[in-house]
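Quick heads-up: structures coming right below.
Note that chain A is present in both complexes that follow, paired respectively with chain B and with chain C.
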Partner chain A sequence: MGAYIARRLLSGVITIWFIATATFFGMHAVPGDPLLNDKAVTPEIRANLERAYGLDKPVPQQYLIFLKNMLQGDFGISFTQQNRRVNDIIAEHFPVSATLGVLALLFAAGGGIMFGALTALFRSRMPDYLIMFLVIIAVSVPSFVFAGLGQLAILRLNSLLGFSLLPVAGWGTVAHMLVPALVLGLGTMAYLTRLMRSSMLEVAETDYIRTARAKGLTPRRIFFRHQLRNAILPVVTVLGPAIAAITTGGFVVELVFAIPGLGRYFVQAVQQLDYTVIMGTTVFYGAFLVLMVIAVDIVYGFIDPRIQVSKSLS
Partner chain B sequence: MVSYIPTAEDFQALDSAREGDRIDRPSLSYWQDVWRRLRSNRRALASLSIVVGLLLFTLMGPLLWRVDPALQDLEQVSQPPSLGRYALVVADNTPAPTVTHTAISSAAVDREQAARNLRLLGTPHSEGVNLAWDPLPGVDAYQLYRHEYPPRDADDLGLPMARLMPQEISYRDLLGLETRQYYYSIVGVYNGKEARAYTTLPVVVEQAILFSEAEYRGLLSGDATPETAVGSSIRLESHPLGTDYLGRDMLARLMWGARTSLFIGICAPLIFVIIGLAYGGLAGYSGGRLDGAMMRFADFVIALPFLLFMILFKIAFGLGPGESGIGPMLLALVLLSWPATARLVRGQVLQIREEAYIAAARMMGATAPYLVLRHILPNVMGVLLVSLTFAIPTAIFTEAFLSFIGMGVVPPTPSWGSMCNDGIRTMLSHPHELMFPALFISVTVLAFNLLGDGLRDAMDARMRSGT
Partner chain C sequence: MRSFLSVFAALGLSASPPLLAVTPAVDPVNNEISISLEQEPQWLTTIKATDAESSIVLDHITEGLITRDVDNNLIGGVAERWELTDDKATFWLRKNARWSDGEPVTAHDFVFAWQQVANPQNAAEYAFLMRLFPNGAEIIAGEMPPETLGVEAIDDHTLVAHLVTPTAYFIDLVTFISFRPVREDFYRAQQGRYAADAVNMLSNGPFILTEWVHGASMRMEKNPYYWNRDAIPLDAINAPYITEDPNARFNLFMDDKTAIADNLQISAMKMAMQEHQKLKSFSDGTVYYLGFNYREGRSTANLNLRRAIQSVFDAAEMTYKVIGVPGNLPAYTLFPRWLKGDDGQSLQAQYPPRKPDLSVERGREYLAMAKQELGVEEIPPLTILLSDQPQTAKQAEYFQNVMARNLGLEIRLDKQIFKQRLAKMSAGDYDLVMAGWGPDYNDAMTFADLFTSWNANNRGRYSNPEYDALITEALQITDQRRRNQIFARIQDIIFDDVVIIPQYERGFIYAQDKRIDGVRRYHTGGDLNFNYTFIIDEDGSRGVPD
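Moving on to the complex of A and B:
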């Protein structure tokens, strides 16, 4: 187990190094630089700025400096936000994105498992058709449209009630998070519902369900203890990629609902070519996702003892 | 042991006409069978006709509806769908009617008294609303307000329009008039302070167009002169699906936007599926070290943060003046998306390579190109086609998403995503600007998703026995 985790971590580190390198050189290949955004400066000031940020050195040397600093956990100072360290930006804004993401994931996993189980329970009957219809709608409508509609719905609801039940945008309280998290989790929820449904139907055909029925167990017990528990396994496998989709896809929702998450800074940084912020957020997200996928794989081993970790190595 | 050696007499040709040996039904090839099964799937068939309809809409539409998608019609900004709208032709330089009087002496000042007889001079239309009112005794000035709703009290009179000298008791409002109802309020100002009493007049503004503007846009008959045309009602350009915030025709923009969205949505998957097929096929077929190295590289490309590289590629490939940004987006999408297909194809090829029929073909002396073209490729095709149909909605979403955050196509090139981006700003007042492009994206993605489902069901051999 320990050796397995070590190997996964090592391959994760290589992946992150590759992402960082590709991003670094990709970013520097883009014409222009972050100092271009500044007001018109004299060549002397520009030279001073370049020296201060280390941009006067050749790119390979900048790369080595970046690697050295990254290994020490330091991503430098933002180009566009004065005197703000990238580490501070991440520390301040990632918790916002993470909170939103966790809530969205809870909605997605809870809703997906529940609705998937319901469709399997009412197979080829009204609830099944209704839920699957909604699922198809949910995967076909772009998230920014849902975000807009969500905001519209809050406005209408508030004006209908005559007082402000939910805030339309912003961040701070749980009430701020509910609708954005729901919007954010909707696509994943639809996907998980589909997955859960097919998984439930597959489990229903297995021998141990027939055995359980033959033993005379109550349908309730069969459903919860035997069918549901086994059907959840594939859902757990895709949770890793789902976390990735939710955390990285979050910034549409952050944009529409004016939430100060990391996604917004990331897009801003890319648009302004803020080298240090781009590198910091990319490496941070990369590391986060790699860790999440490894964690899910390990958790999976605990949930399903049949899966031998050492086997999945080969 | 006696061994019997058969001779020619022991064999006898079968009578092919014999009952039971004949194949009664026409034999179907794999693809004929897939088509037969797909045809019996009503949902998939409906989706297929939607896709064909969309292609017709975007390819034939602009030939029939010849409206420039970038043409701005500032007389009709953010108009909801309608078949035709009429406008009153007004003369170009109508002088504002001014009503003046000498200020009434401040002897009988009554601050509680509201101005009387707030009235309209002439027809109120979008080229000007003329108001007049009776003088109030002892005022320093008049303050005129305009509101979009009936004012609730003296603090809710709306937009302050003008402060007028006491001898001026008329005003011409020209400020961004739309065809809707307004509430004008007049308040007296005494010693620099506004009184609480006010008079409100609801005014319904009519659509109007200046004579020269109508002439310029070719809305008038050839022999029209200002004398004959002014005061008549003419038909404005029709916008069946309304207009956007710059007065551009939504229908034309949707048609041209479909070209962008569908072009990227269909071409990008087509290209990267072919690249993925070649890459994955080569890796899977050759196996060994080469396979390992190639797949390692594909894994790295998959691990790249998609959005970041999408944007970086787009910037790196550059945009010359007058370019739409479609090319760089297509290229970026292809460069980042092929590994998923490559993995899929490689897995399939690895599996097919071990099949008995491949071994049999090899034993009969089949060459590698023959094996690949005749046995491996046709067997990969099914999975590939399904993954292609599912890649199309993803690509359409990506385009829409990038255009939505302003990193997609460059204005004025329309695309459904950039139209959504424009529409979401005016969502609360003019929902149709968001709803139409969003509807088109959703229906397209829905159609491709259902078609993909149908294709998968039609091709999946495991489901054969069930039906």
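Moving on to the complex of A and C:
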């Protein structure tokens, strides 16, 4: 097990190095640079800016400096946020995104598994049709529409009640998180519902379910102990990438609900070509995604005893 | 699952910024208001700030030599009185102007701040302003030390700024954020962290920044040391929300969480009207225009082609039908309506701009001449560069359609995100561009010098010796009458030579809480200012001006 994890971590490090390198050169290949602004500056001021940010050096040299600093865990200072270290930006804003993401994931996983199981249980009957109809809506409508509608719904509710039941936007209390987390988790919930449904139906056709039925187990026991537990495996597989997607994909939700998460910095950095923030957030998210995938693989072994990573390796 | 929850709890605990009590839009008991910000201020130091959001905050927490009253008239700030001659400006500072730690604001604080703006190590984008003073250009180029800047403190309360050339608008210009004071001992004590956080800042303005949670919220409280504190009605301004989404900011306003909502979309405007909210319009001073590329080999360098486009482009139709948001006004000149002339009227009233005589026929005649001059059967497709904003795309599509219908010109849209658009503009990789220009100071020169051959913002490389000569003259005189005559001539050149085709002066509708008044808006500097804002008492005792 230890050797397996070590090997996975090593390949993870190589993956991250690759992500960092590709992003670095891709970023520099894009026309424009972070120092361009609405109002052009004179050549002397431009030269001063380039010197101040180290852009006067050739790109390969900038890359080596970046690599050296990255190995020391230092991503430098933002081009567009005065005196702010990229490390501080990540440290201050990732926990916000993560909190929102975890809550969204609870919604998504809980709802997805529950609704998926329900549709399988009521296959080709009313609840199945209804849930699958809603799932299609949730998959096809982009999150900014749900975010806007969610906010409008809170506004209407508050004005109907005459007091603020839920905050329209902002951050700070659990009440601030509920609707944004629901909106953020909706797409994943719909995806997981579909996945869970097909997985449940697949398991229902297997020999061991037939055996369980034949030996006279109660439908309840078959459903929970045999069908659900086996059907959940594919869901767990996608959970790793889903965690990363949810905690990083919150840009729109963070914007609409005025949430100080990292997603906004991630997207704005690209728009502003804020080199250091682009590198910092991309490498951070890359590392996060790699870690989540590894974590899921390990968790997998616990859920399904048939998968024993250490043995398969030796 | 249990561990999952504990992770969640741990994240929740470490994540949350200090739990802010939800503040109402208007709080008459504590005498404070709440607003939302569009973005996190990027540079809260007067030495380096360039963005609008920083300007808004800095206009509350710092004060320059000269400032503006609620009606935007120039009044003394730190300076009690001043005198402008051709070669220098002298400012006599008030003895009761203080920093937020109680220390007096002195002439040395201005000298130090301006030297830092010019200092190449700070790489300030607005450093060019310091070329007004002797040695400014050399300091920026790194050829002379910042201490040699031609600005001196005669004593603690007398500041003399020597001028390289007579500068008619210097007193107005000095209201700009780059000319605010910075105290040297405090600046140095921050060891490079100056203005990075609320604790690293020192204020001399009506307010102090007391809380700053990056990307999330800010709070400004009245500065007890501000010399004119009795004229500042509010005790605090909260900015608990930061979002670029105008709908979100409007929803916060409708939920009674913020006192003002800018830049309303049409749907929001309707909703606000149904709820009987107070709507106002504001013209922010920016002029939008169609720019041309004058580089060799571009068909847009041909005058008759530009005249053909001018003959069929209807700025009014673009403004009222395509943009269709109240507050925007059609533009016929580079000089917007708010610029003042010298006889008490506006510059536009004094020198009315000519409007193009719209005619498809004449447009086609010009086009035929252009084809002949360029020696082509058909004008090759023209590329128009534009931003990725949906509104701009709509305008470009309208333009594309008008050109195809009336002139048979093929226009290709090149939609680019901010930095890429700037990169392409600078490199001259376009034929036409949807561009805009916002003023830096309250003088027609902030627009007029845009198309001089030496201006880095003249990205289309328009070059006209007469234009250059006129601007050179205007830069060296202070006679306002003669200067405005020059600007009128510039206006004619822009029209006759079709240097650009003006489209509209940007404006928007905003909603303001009925319980407040005295919100100051202006075309330059930090627009949206609450220094003079007050809460109207229930019995209306403070009176409502309008």
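The rule is simple: the second predicted complex is superposed on the first by the 295 of 314 C-alpha atoms of A that agree within 3 Å, B and C clash if a C-alpha of one lies under 4 Å from a C-alpha of the other, contacts with A are read in each partner's own complex, and residues count from 1 in each chain.
Basically, a contact is a pair of C-beta atoms (placed from the backbone, for glycine too) under 8 Å apart; a residue touches a chain by one contact, two chains touch by 3 or more.
No experiment lies behind these values; they were computed from the predicted model shown.
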item	value
Chain C versus chain B on the shared chain A, clash or fit after superposition	clash
Which superposed partner A:Q271 touches (first chain B, second chain C, both, neither)	both
Partner with the higher number of touched chain A residues, chain C or chain B	C
Which of chain B and chain C A:V256 touches, first, second, both or neither	both
Touched partner set for A:N48, first chain B, second chain C, both or neither	second
Touching partner for A:A22 - first (chain B), second (chain C), both, neither	first
Which of chain B and chain C A:V30 touches, first, second, both or neither	both
Partner chain in contact with A:Y285 - chain B first, chain C second, else both or neither	first
Chain B versus chain C as contact partner of A:G216, first or second or both or neither	neither
First, second, both or neither for A:A169, with chain B first and chain C second	second
Which of chain B and chain C A:L155 touches, first, second, both or neither	both
Among 60-68, 384-392 or 474-482 on chain C, the segment whose C-alpha atoms clash with chain B after superposition	384-392
Residues of chain A contacting chain B in one complex and chain C in the other	30-31, 148, 151-152, 155, 255-256, 271
Contact footprint of chain C on chain A as seen in their complex	30-34, 36-45, 48-49, 51-53, 80-84, 89, 92-93, 95-96, 98-99, 102-103, 106, 148, 151-152, 154-155, 158-159, 164, 167-173, 255-258, 260, 264-265, 271-273
Complex interface listing, chain C residues touching chain A	4, 7-8, 11-12, 14-17, 19-20, 22, 36, 40, 42-45, 48, 50, 120-125, 127-128, 137, 140-142, 192-196, 213-216, 240-245, 247-248, 251-252, 254-257, 417-424, 426-427, 438, 440, 455-457, 459
Residue ranges of chain B in contact with chain A within the complex	299-300, 303-309, 311-313, 315-316, 318, 393, 397, 400-401, 404-405, 407, 417, 420-421, 424, 427-428, 431, 434, 438, 441-443, 445-446, 449-450
Sites on chain A touched by chain B in the complex	15, 18-19, 22-23, 26-27, 29-31, 136-137, 139-145, 148, 151-152, 155, 248, 252, 255-256, 266-267, 270-271, 278, 282, 285-286
